[in-house]
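Look for subunit A in each of the two complexes below; its partner is subunit B in the first and subunit C in the second.
Showing the complex of A and B:
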């Protein structure tokens, strides 16, 4: 059956429109999907950096995953990862970002831009620089203890005594700017007239926030939650520079554990298995948020 | 720009990118021959860098048409090992000649990274100048030689004479038992509570330093060991292991060593060499024979007074039992990559880098113990620092790490045990039991023996 000329041209045109994204898809497949696939494959082998297994890695099935169940560090590490993500991303960055964005819309131009600059300053730093800054702040002779010293208080060795608190605060400090920017943009979209109408009906500030503003920006909330969760799951440099996962694994999140196993101990197989679990956790979070997003949009 | 043109430009960009990536890995046939040398360089370790720069000049002058491509890696020992192993995984990145830690030789031979040197060594007249125990350091499990040693080292107690004098401890100091160490440390603490009397590394922060310069001196002085070479099995459940942890616990609990927080800082050794010992804030520490390399002229923590102020003592056995002292030895070698395209040239360069002149320069600048007879008898070597004789004598009581492929994991388990003890997370018996359990898990029950 001959295809009508116009239809034929239409589909051709649609296909042609995809052409500009082909390079980026190719690059993504090459540099993102391929390593992920390789890592997934390696997690079923005993691949290693040295020794006989480096020469001829053997297929060992699910052994690496079974080992996680008996490993004393893995459950601790998984728990620390959950704490790190929940406290520093979902609570810290997300809520603080929203609060700062709300306050900025209320306050004047000069204050808002001053606060905005201060918050974003930590975000534009390369991660390694931000990590060293946080290390210099929390370390024994660091800025925090010197400030406390001026007040006559002898500060603790924060990185040693409270490693999780230190890395969580550092991650909040570094990442809040992103949530703030997302919420600034979202709040600008909230129509003034609805808010004003509610005001006329006698709604208080918190009622307007809870019943008007938040429902309107719930799509942005879901997007933001997804992005900060995935970013925080993958945080490595910050923790590695500040505490290297110590003391006694007290701040070893899954990315740090994966690195230790793969590169410090040369056990690529087990390291990639941990990384694969991390990817799975990220996918679970991602799916949940995408569901939320869909419900928010419908 | 019209749309098709834009798309064309984007495509062209991608093709260009891919093409350039593909080309960069393709060596050109008519190019001059190049051999790639990979080694370690840090702000406090430049001795090898200097040796290789000299060797490069010497070698390129003698072999026209050959370029020596020096690729130093700036990293600590652990990270250097990781980067080197990653580079070995592909023929495109694998080096022709590289700097290799003795304890990794056997495991890297198993991995197929090192070339067998037997036939080259047979025709090399200088090989006979190397002493036998040094030759053994480069031997694989099959008995063939895969690496040529640059130098070796020992570990000893380094003490600051002025701090000991202030505490009324007679010099020269030579503790006979562990209790002698504790007694002296308590005296120093009583004389001046602000000094750190006797520092021994612990925890994962200092990595191999924790085991080589602290725990093994204790363990091998109890009569126990980490590994039985005759049975080819790892030793677990020994009393010596628990006693060694208990000794560290005493040192840290009584604040005779650095604080646990300082101990876990991977840069603590810089403070030991750079601040505490030179400023008289530390009584003594266990460190390598290479300690003077930091203090001598051109070192990273120059200290003119070290020759007068510092003293060396043997680390004692637990109760003074034979042989009356303990030391640990490591050292580094040069090896030829198994994937090299020009094995002849690579070995020739290796031979240049370890010739008498270069080996002497390395051993003197890095305070290594010579492995070549002609270097050891050189007046320049013997006069390099006042401690050469003391630390060389320790070769008689020294031990080597079990250089098996499992070793790095076992070492980490030991470091973990010391960390748990000094931070108070576990008692010595508990930490030793956890160590036993993790060793069994790491190597399997068949490769473990109870003692």
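Showing the complex of A and C:
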């Protein structure tokens, strides 16, 4: 509700109204825009943590980006990132979250709320604690192998033998709560009489789901896919604690690679180049996300 | 906007004609949910059992001689109290900066119509989608240049900026739901915009501001990567970082103590989450999910 303009006349006064936004803009420019701009700039230099290049970084053009293509680790790391996002976020969290939300509409109150609490608990815990729990679970003498042992199967040393599978499952465990909450809220808004009318017409369960429920919540599905993709793209702590990107880069996703290049090897230039690629991917998804929301709001 | 609008609280559906007529569907759904729930609880079970088992390993087992020895062992100033105090400073500072900046910014966005509003709101929404882990490399470089490394206030301002876009969105939405009539009366009496904000709007949206505060606090409390990169001296590091160093040094031996440490560090956010989730249902839960 806008204030009647007779109360505040004059364009100067109107401009002053926006003054309270200035502190927020300052923070965002200083701590978000500036680092992003600096990232793109530094990615064209040989900036380093120590040595001659630390004091006086040289402009080296596209060398860092050319190095990505010849580097043996970067293509692998980019591929692992795609696998990590596709399997743990788009397939894992998204589908499992939808399944849990759907099951909850069919189930009784007590089971639904107990399971909801369990799913949310792993998500509210601090990142590092969740990562320790996942580390313990997948380690050689951990809970998973104990369970397999009860079934008579001798389990592998998951963190070394199948590091990607371990971090993907851990990320599904950690992040599904978000999708579950999105879909619970979305399903609660599906008008009852629509699905009941379908029932009268004799629509079977899965047909109702495919032709009625899912099309109604497609907006939520799109938003959720965007958000879980962006969240999973940025996962660092979980992987760092569980495998540290290893063994021999077998679970080095791009955030881990950027960290290793910049802080372990001291190559800030190459590290920021990798970070810039990630930021660009985030920008593409961000643009699509804002478009989606604008269309939904207008 | 699924995640930003206040969603109506999820209400449990009463058993309908459909479910009532088909108890088998309900039973199957319950069974499937129970299995999924078990999978989610298992990794946490280790944490709880190991914390009270002085001889804990990575196996999940009932402690033979359960005791609070692990808790007693980590309850020391350098292991627990100083890091927790640092976490508190960092998280409370981040939340205060967020609250102050976002209340100020939300007021003109909510109360005056301007061509500036929509582009600004969409721009900061865009800001929420930048991967924070990627920004850390340039932020480190920037902090080195500006000699801000190992500075608590600088770290607080940076962490506040990463959650600021969400905080502004939430605060604006809460402010939109405060009726305008009372303010109009105050304006008629000649009060300025900011005075009205302080005396009328902020008190009316106390609960919403509480939600924003806790939302930011929880994120800052759980943040590992940012303080891990920006705070170098152990005396300033929060629990998230110190528990990681503890794990690196003793993790392979003192499993039980690691579990006890983790639990003590997690309790505050679990309590805060429960408080807010009770009050505002899924609205908070959804927006709280915008973790970097």
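FYI, the second predicted complex is superposed on the first by the 251 of 298 C-alpha atoms of A that agree within 3 Å, B and C clash if a C-alpha of one lies under 4 Å from a C-alpha of the other, contacts with A are read in each partner's own complex, and residues count from 1 in each chain.
Criterion: a contact is a pair of C-beta atoms (placed from the backbone, for glycine too) under 8 Å apart; a residue touches a chain by one contact, two chains touch by 3 or more.
As the structure is a prediction and not an experimental result, all values here were calculated from the model.
Q: Identify the partner contact of A:247: answer first if only subunit B is touched, second if only subunit C is, both if each is, neither if none is.
A: Only subunit B; A:247 stays clear of subunit C.
Q: Just subunit B (first), just subunit C (second), both, or neither: which does A:23 touch?
A: Both partners.
Q: With the two complexes superposed on chain A, say which partner A:266 touches: subunit B (first), subunit C (second), both, or neither.
A: In the superposition, A:266 contacts subunit B only.
Q: A:283 in the overlay: touching subunit B, subunit C, both, or neither? Say first, second, both or neither.
A: Touch partner of A:283: subunit C, not subunit B.
Q: Counting touched residues of subunit A, say whether subunit B or subunit C comes out ahead.
A: For subunit A, the partner with the higher number of touched residues is C.
Q: First (subunit B), second (subunit C), both or neither: which does A:111 touch?
A: In the superposition, A:111 contacts subunit C only.
Q: Considering only the touch criterion stated at the top, classify A:133 as touching first (subunit B), second (subunit C), both, or neither.
A: In the superposition, A:133 contacts subunit C only.
Q: Between subunit B and subunit C, whom does A:160 touch in the aligned arrangement: first, second, both, or neither?
A: First partner only, subunit B.
Q: Using the superposition on chain A as set up above, list the residues of subunit A that contact both subunit B and subunit C.
A: Touching subunit B and subunit C on subunit A: residues 19-20, 23, 27, 140, 263.
Q: Contact residues on subunit A for subunit C in the complex?
A: So the residues of subunit A in touch with subunit C come to 1-3, 7, 14, 17-21, 23-24, 27-28, 30-32, 34-36, 38-39, 42, 47, 96, 99-100, 103-109, 111-115, 118-129, 132-134, 136-137, 139-143, 146-147, 173, 176-178, 181-182, 184-186, 188-189, 192, 196, 199, 205, 219-220, 223-224, 226-227, 230-231, 233-237, 241, 254-255, 258-259, 262-263, 268, 271-272, 274-276, 278-279, 281-283, 285-287, 289-290, 293-294, 296-297.
Q: Quick check: in the complex, which residue numbers of subunit C touch subunit A?
A: By the definition above, subunit C touches subunit A via 1-3, 7-8, 10-13, 15-16, 18-19, 25-26, 29-30, 32-34, 36-37, 39-47, 50, 57-60, 97, 100-102, 104-105, 107-109, 111-114, 116, 120, 122, 124-142, 157-158, 160-162, 164-165, 168, 180, 184, 187, 193-194, 218, 221-225, 229, 240, 243-244, 247, 251, 255, 258-259, 262, 265-266, 269-270, 273, 277, 282, 285-286, 289-292.
Q: Taking the complex as given, what residues does subunit B use to touch subunit A?
A: Within the complex, subunit B touches subunit A at residues 6-7, 10-11, 13-14, 78, 82, 85-86, 89, 104, 107-108, 110-113, 203-205, 259-262, 264, 266, 405-406, 408-409, 412, 416, 419-420, 423, 425, 441.
Q: In the complex of these two chains, what residues of subunit A are touching subunit B?
A: 19-20, 22-23, 26-27, 48-55, 70, 140, 157, 159-161, 244, 246-248, 263-267
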